[in-house]
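There are two complexes below, and they share chain A, which is joined by chain B in the first and by chain C in the second.
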Partner chain A sequence: MGKGTAFLEILSSSLHGDYKFPILEFLAFLFLLSSFVFAGFGGFGSTGVPEEYYVFFMTNSLMGLPLFILAMLLLRNIASGIGNDIEKGTIQTILAYPLRRRSILTAKLLSSFGVAIFLFLGIQISALCTLAPEMVASNLLVVLLTYMANLSFALFIASIALLMTLLLRKGSVGVVIGIMVFFLFSILTSLVSFWAHATNSILPMQLYSLVNPSFAINFYYSSLQPQVQVFWTPSFTEALLYVGAGYALTTFILFLSYFYFCRRLNV
Partner chain B sequence: MSKRWLIFIGRVGAVLIASGLALVMLSLIPPQKVENTNFTGTSMLQPETFSIESSFFLSQTLDPQRGLLIDIQANNSVTAYLLQVSNDYIYGWVASHFPETQPYPTLDLTILEAFLNNHPDSVAWQENVVNEQFSFSYIPTKLMNVTLLFSNPGAASAEIRYSGELLNFIVPSERALNPTKYLISVGFVLSIPWMNLMWKRRTARRIHGCQK
Partner chain C sequence: MSIVIAEDLFKSYGKVVAVDGLFLRVNEGSVVGLMGPNGAGKTTTIKMILGLMKPDRGHVKLLGQDPWDNPEIRSQTGVVYEKPFFPASEKVLDYLERVCRIFGVSESRALEVLKLVNLDEAFDRTIKALSAGMLQKFAIAHAIIHEPKFVIADEITSNLDPKARSELLDLIDQLHEDQKVTFLLSSHILPELSKVCDAVVVLNKGKVYASGNLSELYDEFVARTIRILTDKPRELVETLRKKLSYVEKADADSQGISIKILKEGTDTVYEDISKLARECEAKILGIETESASLEELYKQVVDSEAK
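Up next is the complex of A and B:
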């Protein structure tokens, strides 16, 4: 068996396990419904507000609950995918394939993360193009940046859950830790704002944005409204740096997961 | 083609069908009339003049989920325009380019021609209304202010009555129609071989079960 065939074999068995019929179809249905139902265009008739702000608002409005569902789906895929394989010992069969361990983990992650994120992005951006094609076409960068910032946090949580699943060898525990981290950071969003106002310092906001760059992006676009006074006005470059930092952090955790899976995991 | 690819393509097709069905469901939901946004107006137009209609609800910003429904009735041949600019902008432009013109609410038709020549992209919709009641709805594809104008290019004066209201949509059905057609038809084409495979497997399992 060639390496390519082995990779496809693992990928297809992971896809089959992660998205049994009709999970994927039902998710597509719900993602599409929610994209149109939750869409909002924010503020009517405000003068002097650039279109970028409205595009950001529109893109952000689509994401709330669907992004939470996506994060939960990623966690569930880790638990039922690699977590289950380790717990039940089927990982030994998978490791017997003529493939490097990093390729095996890549195939698993392509199924767990890749397909779900592709479905989410594909449906949401198509919905945006159906609703407001002109706004999306002239502000594609805003749309992509908003998605990148929001997905960074979901991927961060999922990569923590993956690392924990590998370390503890229990998918369910990894998922519980992932949910707790998600919950903690949701609380931190309000707490950080309170702390920053109380101490009159933007440092807590800057630190929090390293993990959740959508926080900085939100402040950046909110500051574009001339009549709104925001506590923190990061520049565009600064906001981009937070998105980069968020992905760097996620990449680092994924690197640790790969390192542990390839070098330390004994099964 | 291997069974694996058949299943993969079939599942992609099934996802497209599911998305198409979601769009069908959404497009079947009728638009919701926004409460207390009804407006009415009357305009008397002398020959070779035009009028800029002002109403609070006509000056609201429209968005891709908020459109406008307008009924127009005229006793002569007139042209109705919906421009993608606010009426303040038009008044400002007229004041700066034709400072000697003051006779609001109607203006000379040459001013409108000059404005349209300067702003060729500003016409969102345009229709000739001839001695009849005319109804239309407009849903923009971006955030925009709109202005309703009537022009009377004829030699006789015309009386125009109009009424309208704002409408809220989840997704305008005409915008959902094309993607729905493609999603469902392409989805079916892609998933037929996979459905056939599933059917054969199920039949084989049933026959196998009976033999046992």
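Up next is the complex of A and C:
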């Protein structure tokens, strides 16, 4: 037995706390239901429109409500898992175990984020493969990029909530900030478009896409429709760069969280 | 060998200074009491020793190493908190078996420690179903499951009834005697420290007021109370008051005299009493030294600092 066992035990304990029956089962049902209910095939079969656009549109529509549920689940897990541990003092007991702080936080995040994302992706991909297996198989890159872009935003929100929870030592406050950021960015989507049109500049869109790369991906795939004129037509490479930037930003916030938890957090 | 070396520790919460230039040493094999009123800085000191909190100034060595984020130290240290923090819905034995796996010890050790703390009958209960006393015993079982060299216990008896308190102290004594575990016990309930500790550290307002073994501290700080049985208490008490400058207080009753003396009179007091008794033709029927309490020691230490 070694550090690996200790890590797995902390992970198992976190899973036990994060997903008490029937939370996981209920979420799986919600993900499944909303994935099928909101799946859209608008415009499928129209002449001249590349298949990539349809796959993007279908993947995006499938993700709408489940992505919101995922974001809320991540926030809830941060509050009830890491936040509660700090507030109630359970973290003091965990820190008495022979594991480095970074391993403890990793175990907690694998439980809070990893399982939720795995469940979300598993159900979504199953739904996609059931609805349009051939289209998905021939456009895997589109599916992958669409998921990566959308997940980047959910992870960005969750990582902000995590950092706030650690800094303020209150899971509930971290979650409220996370929810506020989530809705703020939803409002910003419209505001950024308005601002860009008003100033006749794509800069606001570019800046916003750094945080929410699905915005750029949306413009990229929308621009593939021959009869549609879009205000901003980012190239594929550019769209990829926004996805990369989104993850880089999330990674940076997670790095700050790790740094604070490992080097600064007094409990 | 010193298990804990804390030098010049300072910690504040905003403008409130919790620990102010604290020096502390806990030697291997000892049971040291950290004594002080609520808010004296005991818990903050313990957290800094355990590496749960970084001092603003100064440094701590636990088992010769920096305790912050140090897994090696964790496997040799046990902790018992004032309010134990365990997952409430887990069962007693299941949870301890998990802790065994975390520390890499045999799972059979879980039942072994439950027996040691007399909690084996509650093995199937959930943690939330344990009473306050049982929970503290469980916390001790949790702290010693990996056979640590050193255990820190913070105010572990403060919420317990006298019986549970006494049982816990016996358990600490037993672990110290049988398994040579070094303890650092913090408490503001003084009699319990005197029962198990070899040495105490008196903290107040984040500072160490005094430290050392109990007898040394009593000698240094506590005015001794001596009971003299005599046939002429009224005459003798007057003489003692007049002639012995180190007598702080002297009261007579029908059977004898109780006097409180300062430290400087410790060496000559019996000789002086005999001499003065002869002078006033009083017969000494017996002399007893009353043992000072830890409360008295604490009061004297704090009073002497205030002066």
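For this structure, a couple of remarks:
Everything below uses one rule, namely that the second predicted complex is superposed on the first by the 264 of 267 C-alpha atoms of A that agree within 3 Å, B and C clash if a C-alpha of one lies under 4 Å from a C-alpha of the other, contacts with A are read in each partner's own complex, and residues count from 1 in each chain.
Everything below uses one rule, namely that contacts are C-beta pairs under 8 Å (C-beta built on N, C-alpha and C of every residue); 3 or more make two chains touch, one makes a residue touch a chain.
The structure presented is a predicted model; accordingly, all values stated were derived computationally and were not measured.
Once chain A of one complex is fitted onto chain A of the other, the partner contacts of A:Ile123 are limited to chain B, with no touch recorded for chain C. In the superposition on chain A, contact of A:Gly4 is made with neither chain B nor chain C.
In the superposition on chain A, contact of A:Tyr97 is made with chain C only, not with chain B. By the document's definition of touching, of the two partners only chain B reaches A:Glu51; chain C does not. In the superposition on chain A, A:Met135 makes contact with chain B only, while chain C stays out of contact range.
Legend: residue contacts after superposition of the two complexes on their common chain; A:Phe26 is shown touching chain B, with no touch to chain C. In the superposition on the C-alpha atoms of chain A, the part of chain A touched by chain B in one complex and by chain C in the other spans residues 12. Of all residues in chain C, only 47, 50-54, 69, 71-72, 74-75, 77-79, 81, 83-87, 89-90, 98-99, 101-104, 142 touch chain A in the complex they form. Against chain B, the residues of chain A that register as touching in their complex are 8, 12, 15, 19, 21-22, 24-26, 28-30, 32-33, 36-37, 39, 41, 44-45, 51, 54, 119, 123, 126, 130-135. Considering their complex, residues 1-3, 5-6, 9-10, 12-13, 16-17, 20, 88-93, 95-101, 262, 264, 266-267 of chain A touch chain C. Of all residues in chain B, only 4, 8, 11, 14-15, 17-19, 21-23, 25-26, 59-61, 63-66, 141-143, 145, 170-171, 175-176, 179 touch chain A in the complex they form.
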